[in-house]
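Look at the two complexes coming up: chain A is in both, with chain B in one and chain C in the other.
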Partner chain A sequence: MSELSPADFYLPGEIIRNLKSKDREVIIGPGLCRNESDTKSLIASQAGYLCFRAPNTYWLEGRRNRYIPKKADLVLGIVTKKSSDNLKVDIGSAESASLSMLAFEGATKKVKPDVNVGDVIYAKVINAHKEMEPELVCIDQYYKAGKLGVLSNEGFVINLKQKLIQQMLNPENPLLRTLGRKFPYEIVIGVNGKVWMRANQCKDVLTLCRAFQIAEYQKETDIIGICRQFK
Partner chain B sequence: MDLKKLKMSKEIKLSKSILEMKFMKKTKEKVDKAEEDAEGQAMYSNEITEEMKKSGNIIFRPASITICKRLVEGRLSFGGMNPEIEKLMATDYKKIVVEVEKRKEKDITDEEMAQRHSTVVNTISNKFKKKRNRNKKFQKPPTNEPLI
Partner chain C sequence: MSSIRKTIITNCEKNFLIKNLSEWTRLDGRAFNEFRNVEIEFGKDWGCCKVSLGKTMVISQVSCELQQPKSSRPNEGVLNINLELNPMAEPSFEAGRQSDLSSQLNRLLEKCIKDSKAVDLESLCVKVNEKAWAFRVDINVLNHEGNILDCASIAALSSLAHFRRPDVTCDGEEYKIHNVKQRDPIPTVIHHYPVCITYAIVKEGEYILADPTLLEEGVAEAFLTIGLNAYKELCGLHLGGNAHLTTKAILETSNKAAKRAVDLVQLIKEAVEIDTNERLTMKSLGFHNTLDKQISDVHVDELGKYLDHWTMDKIKRNPKKNQKVTTPMEETESTEEESEEDKSMDVSQEKVESITNLGDGTAKLDISTAQHEWITIESDEESEKEDDVIIVEPKVETLSIDSNSEEEQVLVLNPVQRSAAKKKKKKKKKNIIS
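Right, the complex of A and B next:
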């Protein structure tokens, strides 16, 4: 990602022109929508800096913190309601998501997974439309759970800023790896801003929380620089 | 002849009952995906032609931030906290990290190499210059004179 310049700053409703495309296709991320009156351009739907990734991807980077579900996102949710074959999961979006009891590995109509209200779930968004409630699953296309599923109740859940979440999930950011060299821990980061952590000692979990709290207000380059000192 | 046969064999469609068998799992996936793609394209092409009639223009595909920024999957374990997850991580996360680090290391060494090389070249050339300056200037021997 290149440096952000004030020329790339857009406010909601502003029109974005001169887009680079590949085979007449452009991939647009959050914060952008189509312009109905001029099909060559886009309209910004949030305030932020326009980012571009070669060959044809655009998105707006702002300070928005509300999670808007998108298909194929991996999110962390808390079960709020349980009925015979459906779960309601709070994933931080405007509407709570629904998760079928059959969408777990090895689940059938008779053998249902052991999930209770208050459990933390790592799931994939399979359906996300404006007019419908988002739909989650805990299996991949091979009907295997993989990394998805119910998380143990020994962990702690905290909410973090979207910006920090994206920084932590960037493979170039060594923050998690550097902390991993200090003490063993397990972490689950949902794109929706919820983070679940587990460590051997309570002290280590607090260290993680503190590290994230500090990292929230640091530049990404500074974080990388500090982590390099601990090599 | 052989080529023709090959082409024919590729177009053979497997029946549904065969695809349902356990050992045909991967082929089934392929067939399913091809079908889905074809369906999607058919739907998409309709949409495009309509749009193209209007202005003949760019197609926008919405995607999540994970795809835009190429983020990794968020379930990670360090220091042997959850061996199962670490086993799964070895196939994706660790590969990505190694790739990223390799790219970074290479970038740095290339730059450093170039800088260091240029400075070394400069200092050595300076050294030679001084020596030459100290010595008498080298004069080209006249060409018509015999060497011995």
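Right, the complex of A and C next:
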């Protein structure tokens, strides 16, 4: 990825011109939207640096905490309210998401999953519309749970910046592997910035927390460079 | 404070915190009676200051106006303290609505600062029954990361100490408020600096945590807030929530708080003095100075920590490599496998190292030293107290010759004339006697 320069910084509403593209096609990622009046340019919808990946992908990268739900995102949520057939889950968005009790593997009207207020849930966003509350499920299209569902109460949850989350989800990023060489741990990363982790000892979890909290403020290249020193 | 929190704390966070506490660790690596860093910065105006306690941040501004004094107290000015919670501090706070939390915080601040008569209100009177200054301290919470009250009380005191009111003259009927350029503004008289110090009580008084963070506040069952000034006089005590606390625990924590209060008051005084001196040298002042500094500070600091965390291994490995260079060249190639093994050995050693190294930020080491400190402090405190007690004792004895029960009555009656702090001490003395 190219270095970030101040010239690439955009504020919401700014128009982005001079796009390099192959075959006149551009793929836009988070933080960008189409400019209807001038189809050759884009409009920034959040503050951040413009990033480009060959051949034609553009996105904006900023330090944001707020999560905006998107369909098919895998998120971590906290159950805030429980009623007979519905759960309210806080996924860090403006409105809390709803999760049906029937959206768990093997759940029927009579057999309900054991979920309590305060539990952490790993779920998939199935419906995300601007004017509606986001909807979650804990099953895939074959009605199997896979890795989704209620997470154990042994672990710990922290909030991280979206930027670091994206970096960690990249399988080429060495941060998690380097930490894994020190001690075994389990980690669940939600795209919404919440991260659940569990290790054998409390101090290992604390080490993870601190490493992530520091890495939040570092450049990706720095992180990779430092991780490389321990290979 | 516990019941008001709307954002739910997950069960796993709760479990993890309590598990850590049982290992005598706090999540941010502090000891149980360790406080977060306090930073005081002053703005361009008189009486404008920003205080940060860890990541909790509060901004405070003192303003004044001339008005008719209250008819009940015609020769005194008025002091109002107003704390506001914005959604900026935490999304669950509502703007413009008095929540239980905000009214509780306001009341505690008033109790600590206003009711202990920290500010000399009589000096604020311009003319009896006609005109007096009304001070208003506006406190806004910028970021809520636990323990707003301590932060707000520091902010209120430092902005009051920093504030200067314009001079006013009266010729017959008309009052004239002089411009700052015409006449030097007048500082406020502050008798003493009562700061609030909050402790969170977790698991029915098993763990008492100083300066709780947001997560600790959520898990805590009760909060013990102690208002103290630099002379270790008690200016307010509030125990909110439901926890079974022994009187001994309360007394112990208030002893610990007393030491903190002395430090805090000194910090406030120093910060105000430095700023007023800088103002005399006509430096450009204001938050814009600290803004640049802070941003760069965060980066350097953060990176340093990061390197510290990771380069423990690096520093250790380098000497090894050097050693290998010094050994004959023949061996170096043949020992490649060995070196790898060495490295793996290194890792295992490093594990231990890192744990201990992390430990000095966190774990048992700190606590054990802290406990020692506590014990020594207590012993100091007790010796002081005994001095106090010795002064009081003859009085009690002379007054109550008849029986023990009367002695108790006298003990309770006596303190009315004395300060509240001594009341405490006497009660403790009673305990010692019994």
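The rule we apply is simple: the second predicted complex is superposed on the first by the 212 of 231 C-alpha atoms of A that agree within 3 Å, B and C clash if a C-alpha of one lies under 4 Å from a C-alpha of the other, contacts with A are read in each partner's own complex, and residues count from 1 in each chain.
Assume a contact is a pair of C-beta atoms (placed from the backbone, for glycine too) under 8 Å apart; a residue touches a chain by one contact, two chains touch by 3 or more.
Quantities reported herein were computed from a predicted structural model and do not represent experimental measurements.
For the composite obtained by superposing both complexes on chain A, the positions of chain B and chain C are free of clash and fit together.
Contacts of A:Q229 after superposition: chain C is touched, whereas chain B is not reached. Look at A:Q218: by the touch rule set out above, it reaches chain C but stays clear of chain B.
With both structures placed on the common chain, the touch criterion links A:P171 to chain B but leaves chain C unconnected.
In the superposition on chain A, A:T207 contacts chain C only, with no contact to chain B. Counting the residues of chain A touched by each of chain B and chain C gives the higher count for B.
Once the two complexes are laid over each other on the shared chain, residue contacts for A:A199 go to chain B alone; chain C is not touched.
When the two structures are aligned on the shared chain, A:G118 is found in touch with chain C, with no touch to chain B. In the superposed pair of complexes, A:G155 makes contact with chain C only, with no contact to chain B.
After overlaying the two complexes on the shared chain, residue contacts for A:V188 are found with chain B alone; chain C is out of touch. In the superposed model, A:T80 makes contact with chain C only, not with chain B. Between chain B and chain C the least C-alpha distance in the superposed model amounts to 14 Å. When both complexes are aligned on chain A by C-alpha atoms, chain A residues 181, 183 touch chain B in the first and chain C in the second. Of all the residues in chain C, the ones that touch chain A in their complex are 7-16, 19-20, 23, 25, 27, 29, 298-299, 302-303, 305-307, 309-311, 313-314, 347, 350-351, 354-355, 358-359, 362-363.
The residues of chain A lying in touch with chain C in their complex are 78-80, 90, 116-120, 151-157, 181-183, 196, 202-203, 205-207, 209-211, 214-215, 217-218, 222, 226, 229-230. By the touch criterion stated above, chain B contacts chain A in their complex at residues 29, 51, 54-55, 57-82, 85, 88, 93, 96-97, 100, 104. Touching chain B in their complex are the following residues of chain A: 1, 19, 21, 24-30, 32, 34, 39-40, 42, 51, 53, 57-59, 70-74, 76, 122, 141, 146-147, 166, 169-172, 176-177, 179-181, 183-191, 198-200.
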